[in-house]
Amino acid sequence: MLYRELAERARGKTGAWCKACPVCDGRACGAHVPGPGAKGTGTVAVRNYQAWEEWRVNLDTIRPYAEADTSLELFGRTLSLPVMVGPVGDVRRHYGELFDDVSYNRCVLSAAAAQGTVAWTGDGLEGSIVANATQVIASLGGCGVETIKPWAMDVVRERVGVALGAHPLAIAMDIDAAGLPFLKGQNPPAGSKTVDQLAKVAEQCHEAGTPFVLKGIMTARGALKALDAGADAIVVSNHGGRVLDGVPATAEVLPGIAEAVAGRMSVLVDGGIRSGVDVFRALALGADAALVCRPVVVAAHGGGQQGVEDYLAQLRSELADTMEMCGAATLADVGREMLFS
Amino acid sequence: MLYRELAERARGKTGAWCKACPVCDGRACGAHVPGPGAKGTGTVAVRNYQAWEEWRVNLDTIRPYAEADTSLELFGRTLSLPVMVGPVGDVRRHYGELFDDVSYNRCVLSAAAAQGTVAWTGDGLEGSIVANATQVIASLGGCGVETIKPWAMDVVRERVGVALGAHPLAIAMDIDAAGLPFLKGQNPPAGSKTVDQLAKVAEQCHEAGTPFVLKGIMTARGALKALDAGADAIVVSNHGGRVLDGVPATAEVLPGIAEAVAGRMSVLVDGGIRSGVDVFRALALGADAALVCRPVVVAAHGGGQQGVEDYLAQLRSELADTMEMCGAATLADVGREMLFS
Amino acid sequence: MLYRELAERARGKTGAWCKACPVCDGRACGAHVPGPGAKGTGTVAVRNYQAWEEWRVNLDTIRPYAEADTSLELFGRTLSLPVMVGPVGDVRRHYGELFDDVSYNRCVLSAAAAQGTVAWTGDGLEGSIVANATQVIASLGGCGVETIKPWAMDVVRERVGVALGAHPLAIAMDIDAAGLPFLKGQNPPAGSKTVDQLAKVAEQCHEAGTPFVLKGIMTARGALKALDAGADAIVVSNHGGRVLDGVPATAEVLPGIAEAVAGRMSVLVDGGIRSGVDVFRALALGADAALVCRPVVVAAHGGGQQGVEDYLAQLRSELADTMEMCGAATLADVGREMLFS
Amino acid sequence: MLYRELAERARGKTGAWCKACPVCDGRACGAHVPGPGAKGTGTVAVRNYQAWEEWRVNLDTIRPYAEADTSLELFGRTLSLPVMVGPVGDVRRHYGELFDDVSYNRCVLSAAAAQGTVAWTGDGLEGSIVANATQVIASLGGCGVETIKPWAMDVVRERVGVALGAHPLAIAMDIDAAGLPFLKGQNPPAGSKTVDQLAKVAEQCHEAGTPFVLKGIMTARGALKALDAGADAIVVSNHGGRVLDGVPATAEVLPGIAEAVAGRMSVLVDGGIRSGVDVFRALALGADAALVCRPVVVAAHGGGQQGVEDYLAQLRSELADTMEMCGAATLADVGREMLFS
């Protein structure tokens, strides 16, 4: 089923604020939280979407016929496409009754694994969410990435320990969640972390042979700090506009960050990526892979696990089509010169 | 009859998706295919139209009085204006019951010939479309251009052979159609072509004394490959946004391509050209002539062959008016300095 | 009465197409001619208006207190403000029954003279329009400018001869009207003029001691040709978008033209000027004075001669206010450095 | 109570023209004066708001955990946040019956003092407004800034004399009010002031040990004149678009002015600042503190003194959040490099 049809079926089931729009561009949900809206004026999510559209791809079909290979090596595993399902927390609060965090994570982890890629799971106040995600990821042979929030260091250590039990593809920390009120309400207050603190988390992961990813990097300087901390990858992300208003679109900061990193770690990106053309743009601007979040929630509400699988398959197909139309046989062929400037 | 009136008469006859708008700017049809919409987000057709509008022409009427000569030498023939009717395929599927491919081609070929220019015909799964177009073009003394899709090479050879029978003005291949699903469904799968393969098609045409045109060039690099393949002309085209989303507008890439070609072959362009002022802009940006597609379908639905003739006459008249108001007596006078920058 | 109120009173009296909008910005009338709309897509009038808005003025009130002097020396006379009423032809056809060309010209000539400035009169197929305008201008002591269209040279000579009888402030030719169909329908066809032809018209005026103005200059090259022809002034004008679609806004081309002219003749401008702030912008960009057209028609319909006087007084008051707020005591003080960049 | 809720409660109580919008962005009130609208086209207020939005902040949470310190030293006092309540005059005329100038000033002075900052009071035809404000400010230990209009010098001297009686944080003059009709109607007409005249006002203040602020500076040149006059601070302000149409947004001119001042006096700014993110942007562009005006009126109507306190507390909290998310522990840490460019 096409995304458009999945969205149509999801309409009415996604809670009071998500309208399951044909194109998830941040307009209808606006600034309302709870719900999938963005913080403050609600405009960051809208800009995230638009900033990809502004990059135009270079069509060129005079070349040998070949089917595009969309597969990616990441952390020693092969993904069938450079797209992962991004983490979503508090699903019930934002999207209504159909899923809770546990059932949603199960749905997307299974769908992603079936499509040869992985889903990322979210974190929440209750430790059981991580525990449950760990179980499912373990049952899928480690096909998943667990995201841990920047709690106080002892809580982080404990949750990372649990998560490592699944031998997941990677452990991530969404460091951009530092300002969330429930983190600052802890005793001692949690939130931002130093390079040294993050180095300890990286070390804990590495000892278990698991890569560590820092999610929520929006500057070249932040990326270099992540590198110093020993992160194996970063996600260029503004948390979909939900942690701070007024930040740039991820497509705006990605090129500068990728250049600063210069291949020394993997660069992932999320925010407003909705189609295979958007994925192509992200790769051409220096990303190794993309995360897609909100539309997956819609696909899950519209078609369950199969809906998520269909959407991932659609993204792969659109990406392959774009690669073939622009003359890229493999992901390594996709470069900045394939964008119009 | 003016285009505005033709569109009014066409309204209600152009199928479920074309709204026969007063100005065909890609907004009302949006992303719906079948129908005249564009692929993905549907925004490429809209951008095609807008990108011409952004170029402003330099009015200057202090000059000798002269009526503008809009005639063009192309491939050894004289056209009365630098505008040709672009190819449209699968007319019934996209625009409803009034025309099929055969009757539509007949209508536009006759209208264009009567107005001293030519129409381009489309190609489809059934070989009979090419055969029928060949008959009509032959009966018009070769007044037409047949477009062949990038099928497997043996199919191309066969269809080009048929088309050459009409001694048409040229044979074209819409190489940007490479990604269409029905081409990839062939055995072996068809689609993109190498310079060597295209050189063979060019050779087959040249042996029959017929020029060969590559349609669907969007980069300077692609244009140089077309030149290497022996093409006599290219059409800067993104297929009206129907083969790949997220590509630039043709008006954006035309100047760079024309500069790269540097007069070594003819440069044609299509995409969002709706008025004689737009034709003038295209010439000033380096094109030798333009193709107009969607509005011709509307004109045909609104007034049949006479409607298409009227629209072509209107374009010629608007172009002549613009030339006279900007100080160009002949097409050769129209240059980049006649645009404001 | 404020313009806003005049427009309110005019509503319903200005024919089928003019909506007498609170701000005359070219949107409501669009592309409809007859009516006050613009040619083709109808967007030039809209751009004319917007282009002034994009220039921002530099507020600075730390300066000696002084009331601004808005008076201007032009062609040896003193105008009380650097704004003249621009010519409008075929008033009845475009704005309905309330005025015809004769009564409209009488209204605006009298109003402008009463306010210490002048109105420009239009020209039409019937020679009586010029004759009538000449009478009124003569009765006002020459307070007016007569605009003659670029007819065949003998017709021009004759009409200029008639117009000179009024000893008007100046004679103008709207050379941008060259493409109007009724001019090309003459025998021999009329329209664009060479520098030599225009020099003859200038000579005829100068022999009578009357300055000659070329209206409809949109390029530096055109301005230099006007200078060569002996013109005493030009009007940077695109005829409100009514003679050619796709041209730049006058505010866009004015700075380059003023620079090319370098003070060797007067530079006037029209197109989308609606307020005293707009007049200030025009002066700061190099104009000596501005012409205002469409809103005067609305003011005349809303309040007759008094309405036009009120609107001119409002423009003078707004201009004086802007000058005082930006630190200009006289028009000579208004310069490019008073705009933000 | 959040601002959004305060606005909801205020709706219907704020007179005929203020709509108490969820975000006060100048659109709904437009060009209507009386009422909170802006002058002329009414677009300056809209641009003021938008210009802040165009600056994007650099999220970076890899840093030591620390709660942001939002306190500011200004004129020898400590403010709990770099935001003051801006002056509003003629409250009843613009916002209806709920407040008059005296009760409004009392409300905001008390609220600001309770929140550890100060409110600025306006001035009007009746001298009693200044007298009343002086009383309240004196009762609050000088917690307030009195704004005196640029009356004739003897009136200024008298009112400043009254105002100094409160030992206020500072005395300000809104020099951009120079063009208001009731000032020019005085005998002799009042309005703009020279550097020498302003130096006398500064001297009068300094003799009483009170700093003097010039409000309504929009150019670097104006700022240097304020410095020459001995002003201790300026407010970069266009009076919310109410004194002159067509001026730049304050966010556009702030960086150039701050650079010209180079720390030699304090730089304050107002115009469209609505959130803590906007305050952060203002500081990053070179301001020492910001004034917020229209939303405070709404907050006062929605929740009285408590409403104003809540809104100030919200601004402080949003600013602290933004500082923490961007890595600024104190206001001194907020710099241009924290904005994306």
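Labels for the chains are A, B, C and D, by order of writing; each one numbers its residues from 1.
Basically, a residue touches a chain if its C-beta (ideal position, glycine included) is under 8 Å from a C-beta of that chain, and two chains touch if they have at least 3 such contacts.
Chain-to-protein mapping (UniProt): A, B, C, D = Alpha-hydroxy-acid oxidizing protein.
Because the structure is a prediction, the values reported are computed rather than measured.
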At the interface of subunit B with subunit C, does the proportion of residue numbers present on both copies reach over half, so same, or stay under half, so different?
different
For the identical-sequence pair subunit A and subunit B, what's the CA-based rotation angle in degrees, nearest 5?
90
For subunit B and subunit C, what's the span in angstrom between their mean Cα positions?
42
For subunit A and subunit C, what's the span in angstrom between their mean Cα positions?
59
On subunit A, where are the residues touching two or more other chains?
none
Take each protein chain as a node, join two nodes whenever their chains touch, and name the resulting shape: line, ring, star, complete or other.
ring
The answer for subunit B against subunit A in the complex is residues 40-41, 43, 150, 175-176, 178-179, 189-195, 198, 214, 216, 218-219, 221-222, 225-226, 229, 238, 243-248, 252-253
Applying the document's contact rule, which stretches of subunit D touch subunit A when the two form their complex?
23, 53, 55-65, 67, 275, 277, 280-281, 318, 321-322, 324-327, 340
